[in-house]
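Pasting the structures in now, so scroll down.
Across the two complexes that follow, subunit A remains constant while its partner is subunit B and subsequently subunit C.
== the complex of A and B ==
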């Protein structure tokens, strides 16, 4: 039993690279999207605001798996756009989806910084950009940390869906293993869970740390 | 003497509430003005308009002869853009009821950052001047402390140092002692008294510290229901005015 478990683990580890590389890249891109979209929703320009609101609500309001199929099967046929390898399609779908959620974290954190902070910035004659850069964002960032930690764990779990567009990630190897060793199915899936959990551990630790920083960061 | 600030028929409404109903006011350079009046009479709004934190519904404010909320563009008068506002308000400073210190910066950085960013001062020069100002308000031993480690009175003195080091020509005080514990009010008033006696800048105090206001102000304005109901020296306003609402207001303070 123990030996079989180890066997399965070493078999699954072939998918580790794909899972982790997609997770890291998608997380990095979704952070960028979160900031760009989150700040755009606070823009004075109604077009920018409207466009980002449209993006955010579409991607929050539909399921990741459907978005994944759209990008993989529909978009290339409809618009003749090639998004590159299916690895990139997976990364882009996950990043767009979670970027939409996380942009709301950015927006609400920025909005929740006390109005008096902006007023003090105006009274000191700081420009709009300087107020954002020197006063609002450093405080908002602390509020974002715990939520960002949570979302990074969700992104990791979300990457499991890319096995459905033929990417050879952790879950993909789990499936393959089960289909060739049917009797060991439960154990195989248990090991898949264990692997995801092990990758998630540092993220859990990081988000706990983020919570602590957030707690002591802001007060008036 | 040319006034440094002029309000001309200023009106301000928030939704359906008509807060200011035609304010005309000239402020001379180095004049110390106290604005008193019942809560909700629009005292704070008057100075917030000058700091560009609110926009007047009607009327014009001039700072050193320049229209604050309007600018010239192609021979026409248009609503002011951020750049114009920044240019006109550079001589105005403000201290707030709730201090509004930057919690993520040290006391020294609270003062030095605006000098570096707005006045384009070198870091060394900015810190030098900030330290001098912090010494002046009695916080020379707190440079590296964060706001959360200070008492309310100390926070307010830092906020004053931060505004003063920008060398404004007009300084606005918005109920700066209202959020303080009673035993901490004195140390803040002491700093203001020092400024009123020794500094050339114009000062406008919105305050509930009646005795203090009457003591330091060159001119006292009694604001009532959105208009300046009385204006004059402390002595005139207190002793010779027969405005019944003013008398009533003062009586409530005496009790």
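== the complex of A and C ==
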């Protein structure tokens, strides 16, 4: 039992690289999207605001698996373009989806900073950009931390879908192992879950830490 | 290369819409399961045995932070192979159990936040008035704890709805799997997948607005209460 467990682990570890590389890249891109889209929704320009609202609502309103298939099957047909590799299709689908969710975190955190802060900034003759950079964002960032931690776990969970478009990640190797050793199926999937959980542990720790930082020194 | 064709769109739409019953049915049944199992977690985590609570907490954390699709595969493909307790599930039941249990871990957190939000004085008053344990929970705590959780639960219902197409991977014939097989038959994926996206958007966006409305209503109620408290201080 223990030996087969180790066997399965070493077999699965072939997929670890794909899972982690997709997770890290998608997380980085979704953070960028979150800030760009979140701040754009607060822009004074109605066109920018409308366009980002459209993007955010579309991606929040449909599900990740549908978006992934859409990017994989439909986009190449519609625009006659090739997104290059499946790896990028996976990364872009996950990043666009969670970027939309996280942009709401950015937006609501910025909005929740007390209005007096903005007024004080105006009184001190700071420009709009300076106010955002020096006064609002440093306070809003702290509020975003716990949600960002939670979403990083969601992103990790989302990356498991990329095996559906033929990428060789953890779940892919778990599936292959299960289909060749049917009786060890339960252990194989359990090991897949354990590996995801091990990757998630530092993220759980980070989001707990984020919660503490966010709570510190806030009058309630 | 095929481009957007309204003909295909109109041809595929009536076929795909037939799957909506299964998609919605799976959403509702797994959500009901999540509501029930959510309570079970709450009870299991507040036994007097600290070590037991600790283990249950980590099991819940484990289920919560691992991908639901792997859990669906586990229940559908691997559970029949589990010695002694293994039985095979139909795809629908496997998906319902996996999604229901996965979301129960979130739901129990929502319940907990609702119960924590009940003022400590309410508990103390109930004890002072010699309420029985049952009366304390059903007459004092839960009527105050549950209403604020309704918008949060609504949010999770919408999130669950968007996870339901995962069941297509084990052959539950909802809108996504019909769209995919339509695509495989006719070699046009664009229109069927777009229809699926539109259906999801049409159903989840208004529900999201409804939840936001509920949330505002609850917040207003909550604010009124807190200002009342301030006045008496």
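Here, the second predicted complex is superposed on the first by the 216 of 220 C-alpha atoms of A that agree within 3 Å, B and C clash if a C-alpha of one lies under 4 Å from a C-alpha of the other, contacts with A are read in each partner's own complex, and residues count from 1 in each chain.
Here is the rule we use: contacts are C-beta pairs under 8 Å (C-beta built on N, C-alpha and C of every residue); 3 or more make two chains touch, one makes a residue touch a chain.
If you're wondering where the values come from, they're calculated on a predicted model, not measured in any experiment.
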Subunit B and subunit C placed together on subunit A: clash or fit? fit
Chosen between subunit B and subunit C, the partner touching more subunit A residues is C
Could you look at A:67 and tell me whether it touches subunit B, subunit C, both or neither (first, second, both, neither)?
-> second
**Report entry** Touching partner for A:119 - first (subunit B), second (subunit C), both, neither
**Finding:** first
By the touch definition at the top of the document, which applies to A:45: first (subunit B), second (subunit C), both, or neither?
neither
* To do: Using the touch definition from the top, say if A:200 reaches subunit B (first), subunit C (second), both or neither.
  => second
Three-chain overlay: angle at subunit A's Cα centre between subunit B and subunit C, nearest 10 degrees, stands at 100
*Where does A:188 make contact in the superposed view: on subunit B (first), on subunit C (second), on both, or on neither?*
second
After superposing the two complexes, the shortest C-alpha distance between subunit B and subunit C, in Å, is 15
The subunit B residues in contact with subunit A across the complex are 51-53, 82, 86, 89-90, 92-94, 96, 98-104, 113-114, 117-118, 147-148, 159, 162-163, 166
Residue set of subunit C touching subunit A in the complex reads 1-4, 61-62, 65-71, 73-74, 77-79, 81-82, 86, 161-166, 168-169, 176, 180, 183, 188-190, 193-194, 196-197, 200-201, 204-205, 208
Listed in rising order, subunit A residues that touch subunit C in their complex are 57-58, 60-67, 69-70, 73-74, 77-78, 80, 153, 156-161, 164, 171, 174-175, 178, 182-186, 188-190, 192-193, 196-197, 200, 203-204
Subunit A contacts subunit B in the complex at 114, 116-117, 119-120, 122-128, 130, 134-135, 138-139, 142, 217-220
